[in-house]
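Below is one structure, written out as structure tokens; the observations come after it.
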Amino acid sequence: MQRIDNFKSIIDKYKVVFFDAFGVLKNYEGLLPGIERTFAYMEAQGKEYYIVTNDASRSPAQLAETYHRGGLTFISPDRIVSSGMLTKEYLDLKVKDGIVAYLGTPNSAHYIESSGLHTLPVSDINSNNIDKVNALIFLDDEGFDWAKDLNKTVNLIRKRTIPVIVANTDRAYPLTISDVSIAIGGIAAMVESVVGKQFIRFGKPDSQMFMFAYDLVRAHSSVTKSEIVMVGDTLNTDILGGNKFGLDTVLVLSGNTLPKDVDTRITATGIVPTYICETAVISTGEFGF
Amino acid sequence: MQRIDNFKSIIDKYKVVFFDAFGVLKNYEGLLPGIERTFAYMEAQGKEYYIVTNDASRSPAQLAETYHRGGLTFISPDRIVSSGMLTKEYLDLKVKDGIVAYLGTPNSAHYIESSGLHTLPVSDINSNNIDKVNALIFLDDEGFDWAKDLNKTVNLIRKRTIPVIVANTDRAYPLTISDVSIAIGGIAAMVESVVGKQFIRFGKPDSQMFMFAYDLVRAHSSVTKSEIVMVGDTLNTDILGGNKFGLDTVLVLSGNTLPKDVDTRITATGIVPTYICETAVISTGEFGF
Amino acid sequence: MQRIDNFKSIIDKYKVVFFDAFGVLKNYEGLLPGIERTFAYMEAQGKEYYIVTNDASRSPAQLAETYHRGGLTFISPDRIVSSGMLTKEYLDLKVKDGIVAYLGTPNSAHYIESSGLHTLPVSDINSNNIDKVNALIFLDDEGFDWAKDLNKTVNLIRKRTIPVIVANTDRAYPLTISDVSIAIGGIAAMVESVVGKQFIRFGKPDSQMFMFAYDLVRAHSSVTKSEIVMVGDTLNTDILGGNKFGLDTVLVLSGNTLPKDVDTRITATGIVPTYICETAVISTGEFGF
Amino acid sequence: MQRIDNFKSIIDKYKVVFFDAFGVLKNYEGLLPGIERTFAYMEAQGKEYYIVTNDASRSPAQLAETYHRGGLTFISPDRIVSSGMLTKEYLDLKVKDGIVAYLGTPNSAHYIESSGLHTLPVSDINSNNIDKVNALIFLDDEGFDWAKDLNKTVNLIRKRTIPVIVANTDRAYPLTISDVSIAIGGIAAMVESVVGKQFIRFGKPDSQMFMFAYDLVRAHSSVTKSEIVMVGDTLNTDILGGNKFGLDTVLVLSGNTLPKDVDTRITATGIVPTYICETAVISTGEFGF
């Protein structure tokens, strides 16, 4: 474990950089000021980069658009790997027909639709169509009535032996500097413990997220794992997952892990990043390359 | 483990009988037909009995009234031991002043009020009164907006280091023959895992429930544990808790544990009742004593 | 939560004091120097006291002797409440005949023997006597061959549907200032997860430990819970258990909880003692009463 | 979910077959009689096959040899993907120098050695070399003194903040028709809960196992996930993992999942295979192709 002041000097050692989104590129106030310099530098140096995010609420195109609106025009949809895309791949491969019931907004359901499958909010499942439900997906914490639709979900899972997919493993996400919000991963864990069945989870620290991104990289170049670095703000998702997949890792202190807690947290969890760096933002001084 | 056809012959061996309520005396349709014969028999034989229930949604007086309305007039409020009463005892002993925030109906909060304490629904907590909140209680799954108030609850617990009490440990309860409802114990488990703090739980299988009932018994007679039998329909609450407290136990098959599953469930869990009996209802034949 | 410098002033407010043993009265080097002053003061003031300990490896008489050897002659066997005594009560009430198999030293098994029951180390169980085994107890981490006897234990539990009792819930205990040892509670948790059955656990934070001590108190005087204080060094056993049982609690910083970590630990766990006090040893200055 | 009598007709639909080893190709008595017909058929049809196994105790060459000794000469070392190989890859990528401490036989440690790394049994770690230990690996349940070396392991992890790798996630394995043995995965789970740190696990159901095998397939042909089928006897490793990775799956009933339990287990877990088939052995009748 090395403490590095200068994010640029880390990038210089790798061919490809994977970034977590929340706490690394943006926070509850929007994009981190100056983060565009980091991407400008990578472009100038011919480094490849991907955003690897546990966000299933929107399609890559919509996620990219939020970066563009904030002024980070470098990030195109094909640079984004989300747990929602793994969910879509699962449906394409494993669910041939029928209804996919979901909890989330209509928007979150739209981009996972496959040919032959029909997505339907849990609130629209009834005794006429329940027998056609062949999968259930937890997509987003918004877009449904928690009391009514979670009870309906519990009973749907009790009645139908179908795969249940959790498209975002996070239990909570930051809303403001002091408040958090329960995430769909937390809600799914409650339903799982009530019904006693085992759900399928997509999202960091699971290796499938890293594999998906690594396959995109290998599709057009022969990069090895030792040439990729994962940058994240959370020890037990970004860093644990990156380490396990065999990547070098950078813990940045601009999100979930505060500078005052970092040593205690690393010792307590036993999860050790390759580097610790204050921020992924390259300072204007460094930028004069 | 003995299979007994005749519930009366079990009662005959003990001085005191503890009953679980749901699945033993009543189900989603109301009182089990004939259950009044069991209580008439116990009265005739001078047996003492208590209802020991994980129901914190109503006061003993209100719970007794539901039995009376169904025609079971034997059950007086002082025969009922609920997890809500343990919650009230906790507040009396451990929370001296300030606000007790709660999730549940106003009715569920009313009977736990102590002198000096002020109960307030989580929805009424705001920046002006949050510093006076000295305890938080999960009482009932009804009476609040799940999405809004559960998120508020998570942030309240993050900001205030206070005891959090779960007044009902059940994760789900039956609603109809085919449907269940998420119970406040399931909701509390989700919030606990999101905030990462340890809550205080009252309810079977915890010994404190049995202790409370046992103290009531001993207040007026010198009964030993071996003279008490616990009757329940659920292995991992009623039977596990009764066994651990040192009581003999009867598993009845009129609720959570179905006749076809009973052997598999006992072998799988390792929780063994002293007796298995179809029902706690004494048949009209047996009743001719 | 109040920080109190002077342990004497806490004692003055209560009629009865419950003490945890390890980390409060003694550590790996023996009795805390000066702890006899605390007991001399309680004797002089007519306060009652009990040692409430998760130690099932020896009988109360043997435990008392270890205090006597260290010079603390006040502590008689009837002042000691151990998780081993709860185990013995369980066997007396719930296991009528046959063999009680155990993991531990012969000494740890000796004092839990009841009339009619025969204790036998797991290593002596074979195809001739396995059908007579009616209970299994995890008593101590010493006295058996871990590899051989733990595998034998797993297969015994798979073949016999019997109660399995864990007489000590601790997962580890301190051996020296820098080293710990795996406790029988940690070993039992592994076996439980391998066999997938639910064991019965005795020991703090479970209320049954506190109730056993409270019953001893009430046997000769009418003390209420608000007149008792629990003194311990561990938040999630002594303090959580004491709080839940309705007692006031003192966290001392002479054992598991270090002065530098105490605030972080209380905030992280949400377990709040009534008082924090450096040590249960009354200083010579204070002692001049 | 389809019940298929004829394993051959399943194979016919795919280009590549992944097999679990224990419970599918062999059991505690050795290779399943006739299993060589299945491999002869695959060879004749030009199907590709891999053994995907949670066995880290031996190298692929040694594992292959056990098949050869049993008469199954088709299986060459390059057909075997084990959790031990993932462990080796992890060490190659993430641990640059120093000592890798391990629990297991010397043989299990030998094949994971990399250039620059030195493997040493936990029993050989002492105050002189502890500072050079840069990783710890749980490899095999044999080859060490459980009581002495597990306690030593706990203290090593408390003193060194290093990655801890569990090379086999299984908690138990069958020894005879009636007995099981605690596996290194079960032991590791105990140590993890005692030290409170998070270990890195390799083995099914984790996708990294499947990806390793998939990468071998793709190295020489362009097979898609829908052209691969995973054959296993265990719902929550083989089938859950295969499903999640996007493969079709076959549950065979020659191992962990008994014919009489299969429906109950699928409903209880919610893990649904694409096919259920009695055995992976092709009968002599079918074989006459």
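Note that the chains take the letters A, B, C and D in the order they are written out, and that residue 1 is the start of every chain.
By definition in this document, a residue touches a chain if its C-beta (ideal position, glycine included) is under 8 Å from a C-beta of that chain, and two chains touch if they have at least 3 such contacts.
Since the structure is predicted, the reported quantities are computational estimates derived from the model, not experimental observations.
J.: With one step meaning two chains touch, work out the least steps from chain A to chain C.
T.: Counted as steps through touching chains, the separation is 2.
J.: From chain A, which chain is the farthest off, judged by mean CA positions?
T.: If we average the C-alpha coordinates per chain, C ends up farthest from chain A.
J.: So the centre of each chain is just the mean of its C-alpha atoms; given that, what is the distance between chain A and chain B in Å?
T.: 41
J.: Using the average of all C-alpha atoms in each chain as its centre, how far is it in Å between chain B and chain C?
T.: Chain centres of chain B and chain C, defined by C-alpha means, are spaced 28 Å apart.
J.: Calculate how many whole Å lie between the centre of chain B and the centre of chain D, each centre taken as the average of the chain's C-alpha atoms.
T.: Computed from C-alpha means, the inter-chain centre distance equals 45 Å.
J.: Thinking of each chain as a vertex joined to the chains it touches, would you call that graph a line, ring, star, complete, or other?
T.: Looks like a ring, each chain touching just two neighbours.
J.: Determine which chains touch and list them pairwise.
T.: Here the touching chain pairs work out to A-B, A-D, B-C, C-D.
J.: Where on chain B does chain C make contact in their complex?
T.: So the residues of chain B touching chain C come out as 89-90, 93-94, 157, 161-164, 195-200, 206-208, 211, 225-226, 236, 240, 243-247, 266-272.
J.: Can you check the complex and tell me which residues of chain C touch chain D?
T.: Going by the criterion above, the answer is residues 141, 145-147, 150-151, 154-155, 158-159, 171-172, 178-182, 186-187, 189-191, 193-194.
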